[in-house]
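Below, subunit A partners subunit B and then partners subunit C, in two separate complexes.
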Partner chain A sequence: MISPRVLRNLKKEFRSSHLAKLGLVLVVAVLLVAAFAPLVAPHNPTAQNLDQSKLPPVGFAQTSTETTSKMVNGSIQTVENTTVIEPDLAHPLGTDGLGRDMLSRVIYGARTSLMVGVLGTLLAVLIGVPVGLVAGYYGGSVDDALMRVADISLAFPSLVLAIALIGLWGRATYSIPDPFVVAGLTPAMPEASTLPVTVVVVVGLVNWVWFARVARGEALSLRSEEYVKAARALGASDGRIIWRHVLPNAVTPIIVLGTVQIAAIILLESSLSFLGFSGTTLSWGFDISQGRDYVSSGQWWIATMPGLAIMLSVIGINLLGDWLRDALDPDIEGEGGA
Partner chain B sequence: MSQRTESERSLDSETLLSVRNLSTRFFTEEGQVNASESVSFDVRDNEVLGIVGESGSGKSVTALSLIDLIESPGRVTGGEVWYREPDLAEEFRARDGVSVEGDHVDLRTVPESVRRALRGPSFSMIFQDPMSSFNPSITVGEQIAEAVEVQRRARANPRSTRSRTQGYGFARYLVDTLVPGRGYVTESSKERAIELLEQVGIPDPAERADEYPSQFSGGMLQRAMIAQALAGEPDLLVADEPTTALDVTIQAQILNLLRDIQAERGMSIILITHDLGVIARMSDRINVMYAGEVVERGRLEDIFENPVHPYTQGLLGSIPDLQNPQPRLQPIEGNVPSLFDSEMGDGCYFADRCPKAMKSCLEKPPQRPVEGSEEHTAKCVLADRSYDPSEAISGEEVHE
Partner chain C sequence: MAGTSLWRFVIKRSLQGIGVVWGVITVVFALRFVTPGSPINAVAPLDATQETRQAIAAELGLDQPLYVQYGQYLFDLIRGDMGYSYIKGQAVTTMVFSKLPATVELAVAATVVALVLSIPLGVLSATRRNQPVDYGATLFSLFGISTPNFWLGIMMILVLAVQLNIFNTSGRGVSSVDVAMSLVGPAPFFGTLVGWLSYVTLPAIALGTYFTALITRLTRSGMLEELGKSYVRATRAKGAPETLVRYKHALRNTLIPVITVLGLQLGTLIGGAVITEAVFSWPGLGTLIIQSINLRDWPALQGSLIVIGVGFVLVNIVVDTIYGYLDPRVVYN
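Showing the complex of A and B:
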């Protein structure tokens, strides 16, 4: 699995690829920001301040023109009052309609997205990989049965399936206490992060199929390997063979798929939050849906800032996935690799 | 019918394994393939039994059926595999559905878990291609040590079938690998693996044990595979084309090694090959297979000095003779027949390629004893008569 050769390939590929470096920088940045959100965020992301609502981001002074009509001497006069809203350096990315700091919200939103992305992918792996390995290893009717189930769940559009499941189960959430607040380091910050449990379960259930398919394909080719036959000839059980001989050799494409799936699940979570299904009010998708109302009235940043955050983290994770694929895929291994 | 007398022959105490009428079929979408048909043979203690035949003659299928490793869509459809194991015989003597005769148990009738438990300590197998027979992501030493460990744990509690399969199970394995401080493979198994590597002639075994299969050469890996197969100290080693993938000098080394180990441990070997040179060098007795059947069997000298079946004669005729070089070798005309059930005729399967086909070959010949040696039999009308050109038929006539 993680042999010196793999590490060497990873390093070689990393040195030669600027995109891989960019991806790693983005992902590490998002991870750090999410982990140390209470220390990084300048304000409490949930604190409202109506006096300072709709402040624009630094560098984007907003002129708003207010037109008032007055009846003067029997005729209508329009008076235009132009006010300039200056950005406040305390809110570098501006504030939303309720005066909450956008930067802090984007920083905290990373927590929700990453938690859902990683846990949802983990769940999908835990369901999909065993199903795929069993289907591929045993073949025959077991394979047919499991893969038909997979095909059926693939036939549903994932967003529709997700909404249906959330409608069925409701929006369960779980509060994770923030260690920095518990330790008393950042008393002004929210005490807990909300993990939208239903969303995690739903994205796991929607995305397991991809892992099942990849794992099945690998198991299908690995089961006819001579060393699997040799292990059986030595008395190994099916479980042992799958665990010891099939899984480790199937792990590379699963890792690569996993990174891509984290990005896909972050997008799915944002879509669900945007539609109001997530159960947490501190997420990128939720902020975009809030900001949507303000776009037409000129406060574009409320929707754009979380959108940019989604874009950068998804790009970062995908670039990282490309790097892993190029480095781990034995097909393009070797001296003159692409 | 002589086949009946064959299966009625009693099991004597020197017979380690007796295979009777073992048939394996593959049920493909194109039809049923009779890969091996009513194959019978005995393996005695401390002997090398050679199985020889062309590609596609059912040699490997027979070996895999024997230790129950046939994969779907193939299935063992009939026959008996009597194996001498007094403890097992005792355990199953009164059990319904299990055939026991003296110290022998018919392995086709015992539960699958028992058959699996026998793989390793009783039968072991080495395969043709050493390069692909090791998991590329685990070191060679660890793979051998794991085989040692499995057998050691199985042996620690040999009483009942249930406990005999302990230590093989997945749940136990998970606990051992996931709980810290409970590594599955113990130090003594690792040492044993290094010992085994040393026995099969790998230099610096302690260092080589920590290397991955990709760092080994083909010959070294074949040695390592033999070491792994010996981990359970099997009574019977099935060697399926053990030297085919190796170059000639390494072949000789591996064959000598197998011979030495066989003599030293007193185990039996079933050697499967298409190479008559290998057979001549290694075997005590020989089965010649054609189209899924054993067509001739006998001791080494019976087959090489007095071959009766025209197929065996053909095989021997296609070896270059260094003493009397011929301008051309005498190959057997034609190809191995289709093994699809629908396309196999009623007569002798070799008749259409046989230079000595006669009218009586249109009926299936039984296995008949050949005069001059009590162990020599052939599935051919020529076993007890001589060729009569007046009855000759051609290949085309056979097809009609």
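Showing the complex of A and C:
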């Protein structure tokens, strides 16, 4: 499955590539931040404090000029009032329109993105890989039928199909008990670990087809290999041959595609929550949609910070994906789309 | 490639396409039945009596057996009738086709932005490997494939529109049709063109950046692979000028996989258009889709999905056919 030669390649590629190292650092950082969110976040991400709303990030004092006119001794006088809003060190990335701490929101947002990215990809693998292996192994009319289903699925853009399905099914969520809260280390926070279940199911359902295509391609080329024929001659069942001989050889390209897909699904999740189709309000996409309303009034950081978080995480995952692909060099048809 | 085999291919591919379109229609028809709640709820008032509800069901044909509804749906579609919007009462065909041009314009503009920038950038990157241009292009494409397009749109609004005030950030005040009409009509051509650009530029860049990045990567790696092949060495050895080697031979072979990926990524392009439309209040199909989902206007949603699905199938038939012109090795069978 993962041979010593592959491991050697991975190490060699890693040592020679600064980008791969950067990718690993970014991904590990995001994983740690998400896992230890209650310990890392300075504030409750959902606690509102209207007295401290719209505070700028540290280093970016906001000056706002207000012009007021009033009557003084019968003539109109215009007074320009310049107020400076100083950043507060307690809120390094500033606060949003309701006074919630941006840094804490960005930290908790990582949980939503990663959970949806990983679980959605797993679901897509669980649907797509068996379908693709069966189609490729049997070929003929089974293959034709399954690939037509894949064609139909491809004809709907992921995002459009996803919002249609979520619109139809509703926005179900499941609250995952936070281990830190269970252990009594941190106080419970509403919404702090809400898994948008419908979103996970839907992104899995709209992205399986990429895995089916890759698994089919591998099965198609492996089924005429000598060792597969030998296994068949020895009387092994089709199920056993697919499980023991075809799947292990198809694992590498599936891992590479899986990495790319986690990145693609994180982007898809952010689009869904930006459009309000998520079910949780603790998500990077949702915060960008909130911040959009403040763009014209000067509070640029509310939309900017969560977007930077998405970009850095997805860059990290894509760099790891490039590293895996360069080291393992499988033939991947196209690139998995968002 | 023989002419007859090309025609046979186009016909075969079209028949396959009809099969996929039929599947698309069936899935879209079935969507209504995997939904909790009857579509009647979207139309009937909350306090509607049983009789009113039955009357509405009869009017919408929902009291018929499923196969009759399905048959009727298919039959109507063949005549170009996609039903009537539950909310506006308008014909869905009219609604969808009045919104479609805006989305097509946005998608085409984004594709043009992407192709114009990415192919030269990819070629430069490959022919000047490990030089500053290559690093710059690699870095740009890494950011491009990792940035959510709606966020990029908002950031562009923030910097270019709010701070510098040079673009329109909302709506589609001037369309490409207006620009074409100004060539023959009384409106000044240059002014109309500038007006159109002030609306379309930001959304086109926001939507096009991901594809620019993707195609730059594909072109770069494809060119590197082709330039290392023996036919390139042979062509160089017989004294062909380097430009000929690069652009006539290597680039041509590089573009073949690029075109396939473009066809497959059409779904991503349309999905991206939906969200870009939301950011820039662009009055296209995406706006219609989101509205119909929020208002539970199934006929309008179904119509939009079918038009997108059919568009995808058509474009991919065209892509597969172009493929053969670029790659004479392809045998249509």
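We take it that the second predicted complex is superposed on the first by the 317 of 338 C-alpha atoms of A that agree within 3 Å, B and C clash if a C-alpha of one lies under 4 Å from a C-alpha of the other, contacts with A are read in each partner's own complex, and residues count from 1 in each chain.
The definition used in the following text is that a residue touches a chain if its C-beta (ideal position, glycine included) is under 8 Å from a C-beta of that chain, and two chains touch if they have at least 3 such contacts.
Just so we're clear, the structure is a prediction, and the values are computed from it rather than from any experiment.
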*Since both structures carry subunit A, what do subunit B and subunit C do when superposed there: clash or fit?*
fit
*asked:* For the superposed arrangement, I'd like the angle with vertex at the C-alpha centre of subunit A and ends at subunit B and subunit C, nearest 10 degrees.
replied: 80
*If you stack the two complexes on chain A, which partner ends up touching A:Gly235: first (subunit B), second (subunit C), both, or neither?*
first
*asked:* Comparing subunit B against subunit C, which has contacts with more of the residues in subunit A?
replied: C
*After lining up the shared chain so the two structures overlap, which partner does A:Gly139 touch, if you call subunit B first and subunit C second: first, second, both or neither?*
first
*asked:* For A:Ser158 in the superposed arrangement: first (subunit B), second (subunit C), both or neither?
replied: second
*Quick one: classify A:Val84 as touching subunit B (first), subunit C (second), both or neither.*
neither
*In whole Å, how close do subunit B and subunit C get at the C-alpha level once superposed?*
9
*Footprint overlap on subunit A, comparing subunit B with subunit C*: none
*Write out the stretch or stretches of subunit C touching subunit A in their complex.*
19-20, 23-24, 27, 31, 34-36, 142-143, 145-148, 150-151, 154-155, 157-158, 162, 210, 214, 218, 260-261, 264-265, 267-272, 274-275, 278-279, 286, 289-290, 293-294, 296, 301, 305, 308-309, 312-313
*Within their complex, state which residues of subunit A touch subunit C.*
19, 148-149, 151-152, 154-161, 163-165, 167-170, 263, 267, 270-271, 274-275, 285, 288, 291-292, 295-296, 300, 303-304, 307, 310-311, 314-315, 318-319, 334-335, 337-338
*In the complex, subunit B residues that touch subunit A*: 67, 69, 72, 116-121, 123-125, 127-129, 132-138, 146-147, 150-151, 154, 168-171, 173-174, 212, 225, 228-229, 231-232, 238
*asked:* Under the stated contact criterion, what part of subunit A meets subunit B in this complex?
replied: 1, 3, 139-140, 225-227, 229-240, 243-245, 248-249
